[in-house]
Amino acid sequence: MPAPEVHARLTGVTRIYGAGTSGTKLHALGPVDLTLERGEFFSVVGPSGCGKSTLLDVLAGLAVPTDGTVEFEGKAIRGVPDGVGVVFQEDASFAWLTVRDNVAFGLRRAGVDAAEIARRVDYAIGFMGLRDFANAYPSQLSGGMRQRVCIARTLVLQPRLILLDEPFGALDQQTRLLMGDELLRLWRETGATVLLITHALDEAAMLSDRVGVMSARPGVFIDFVATGWPRERDSRIVSDAHFGAITARLWEKLRAESLKSLGSAP
Amino acid sequence: MRKAGDFLILIVVLLAVWQVLHMIAGDTTLTSPADTFAKLGALMRTEQFWANVAETGQAFALALVISIVGGVGIGTLLGLNRTSGTVSEPILISLYSLPKVTLYPLVLLCFGLGMSAKVAFGAMHGLIPVALFTMKAIMHIKPVYLRTARALRLSPGQVAATIALPAVLPEVMAGARLGFSLSLLGVLIGEMFASKRGLGFMINSAMGLGDIATIMAVAVFLSVFAVAANALLLVIDRAIPR
Amino acid sequence: MTREGWIRLLIVAAAIAALEALCRTGLIHRTVLLAPSEMVVSLWHILQVGELNDDILSTLRNVLLSAAIASVLGFALGAVIHALPRVRHAVEPLLASYYAIPTFMFYPIFIVVFGVGAQAIIAIAVLLSIVAMITATLTGLDRIPPVLRKTARVFRMSPAKRAVMVDLPAAAPYLFTGVKLTFAYSLIGVIASEFILSGAGIGYAIAYAYNNFNNPRMYGLMLLVIIVAVAANTALDAVDRRLQARLRR
């Protein structure tokens, strides 16, 4: 069995807002050390305001760390590297484009030729179950559908690392569970490395190979939990006894941190 | 279908009210609907009327172009930076609610009597709402759109053309509709106050002669034009997916 | 004051200073524009001498009257239209395009009907501002959250009581925005009407001064209008923001 390959690595990363100015500083994140193996599904859970989104921004190249290094595929990153896809928490579908045009957006800007665009867009639309809505506008779709559009838009770019920032936060529980299944399907089909930020412990426990637990702000990793799930999994593993154990362990670490961020004694 | 029917009923009611007012007030005060339309028909057969229309139309067209191009330009520049937007907003709003007619003498002193003064009046009125709406639209572009643009590694030109522009279009259209109406108003008031040509002047001179029929005929003409144009802009507005 | 407030003050002050410099150095000719300091002196002089006090009071009176009439009438009409959905559907397109119509062209008609005087001016100003109030009323009554109405029914309130104790306070922020707009439009309407043709009022005085090449008086009065407009609108806007903040949950 080949040794796990390091896909992305954060070393000693901190992010301090207002660093280098004379104004107030906000120590949002770090120091964080994180190694992502190629092809793994990794989730990050943590209390509100702990810096999870900042972590994603730094990893994606959307934010520059105050300290530390960020490496993707062996090289230090500058700006957003090629091969990284991001799905945000808010609905980022463009209101003025149809679903099809939304999905094709990134490819068109990258100058990919029309035939290839059509092929990839058709595939992604089919894969994400959007075929019946290909010519609809986002305003005509539900929140869950719009997130699928955003995921499809990222999917067509064939990213090797997919970062998702609480993508299902605005959805109801049942839709979330089903979207989780979709995400797993996506992960298996593309073989990409996935980093998912979520506040939902069950989601992290169910979907991931590994879960990183973050402390209250400034966020640092206080635990890494390996789930040991088989690759072929879906939301039905919630009935597995091991699922309860994982969730319990996550909450045990997280409860104290959450209380801290709420301002009460643990 | 019912909506169209209701609307027609409303028009009939308005015409009826007009007729009743005419019968109360008398011919020298308020012309009847029938006479007004007859007068309008007669006017439209004269060359003089259309010369006036052309005069007003020219000034209005120029004022409109300046309002929209200038307004979008200024609004974009001010809106790109959060601070400049926040600082400018109250200033623009104050200018908007100012009775700009008070500044007309200044405009006349700068431009003299004539076409350029009229265009200036119209532009003064139309530019501010366009700038205001554009500025606010730019400031309110969904932040997630801009983050998406960065995640997709778009160039600034691509962001402007493929994301910013479509995102602000609905609000800019609303500002443009307002700018349209206000430019027309500005040009007409300018003509009523200080011009020897154009529809505004026509109204004013008719008033001096006590020629009610002409006043009302021109007013109807302008109203129909304004409402029709506004309706057209609304149709275009509705067609934008948002 | 906020940081933006200071920047704004600085920009306005800098603009005035620049204008002052341009005028004093003669780059802008005295026959075109007076220096701001001279305008202030002229305005002070006008107010002190008191020759134009009647005109000033006449304008202010007309503005307040028009705004009051338009607000009350606009609210009443808005409430009635709101209660009759079919009427509303027929009228709404007209209301939407109302401000497309250059209302000022009807001014000569009002002069013929009312004669040259305050009534014609008030009529035009009301005509100009009433639709803003009607639209604001419709929006305000629309925006009353249905849950408040349901609550009133649970408490078994009579329609009249509900109107006063639930509807009015709930719609108040929107209604006040209507009043704010009504005032602004009334001010514009009155001054513009006086300007085009009238025998009295600030607008007329400005036009008269212009026609008689009396620049100091003209610019003094212009300054007065600007000050009144900015002060009144800023004050009303501040109250409006306070009320709107109530709405934000």
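For reference, chains read A, B and C in written order, and residue numbers begin at 1 within each chain.
Note that in this section a contact is a pair of C-beta atoms (placed from the backbone, for glycine too) under 8 Å apart; a residue touches a chain by one contact, two chains touch by 3 or more.
Treat the numbers as computed from the prediction; the structure is a model and nothing was measured.
Chemist: Among the chains here, which has the CA centroid at the largest distance from chain C's centroid?
Modeler: So the farthest one, by centre of C-alpha atoms, is A.
Chemist: Looking only at C-beta pair counts, which chain-chain interface has the most contacts?
Modeler: B-C
Chemist: How many angstrom lie between the CA centroids of chain A and chain B, rounded to a whole number?
Modeler: 49
Chemist: If you average the Cα atoms of chain B and of chain C to get two centres, how far apart are those centres in Å?
Modeler: For chain B versus chain C, the centre distance works out to 19 Å.
Chemist: Centroid of chain A to centroid of chain C, CA atoms only: how many Å?
Modeler: That pair's centroid distance is 52 Å.
Chemist: So which stretches of chain A touch two or more other chains?
Modeler: Not one residue in chain A touches at least two other chains.
Chemist: Okay, in this complex, where on chain A does chain B touch?
Modeler: Listed in rising order, the residues are 60, 62, 79-80, 82, 84-86, 88, 90-92, 94-97, 105-106, 109, 137, 139, 157.
Chemist: Hey, which residues of chain C end up touching chain B in the complex?
Modeler: Listed in rising order, the residues of chain C that touch chain B are 4, 7-8, 11-12, 31-33, 86, 89-91, 93-94, 96-97, 99-109, 111-113, 184, 187-188, 191-192, 195-197, 203, 206-207, 210, 218, 221-222, 225-226, 229-230, 233-234, 237.
Chemist: In the complex of these two chains, what residues of chain B are touching chain C?
Modeler: 3, 6-7, 9-10, 25, 28-30, 83, 86-87, 90-91, 93-94, 97-106, 108-110, 177-178, 180-181, 184-185, 188-189, 192-193, 200, 203-204, 206-207, 210, 212, 215-216, 218-219, 222-223, 226-227, 229-231, 234
Chemist: What residues of chain B sit close enough to touch chain A in their complex?
Modeler: 142-145, 147-148, 150-154, 158, 162-163, 166-167, 169, 240-242
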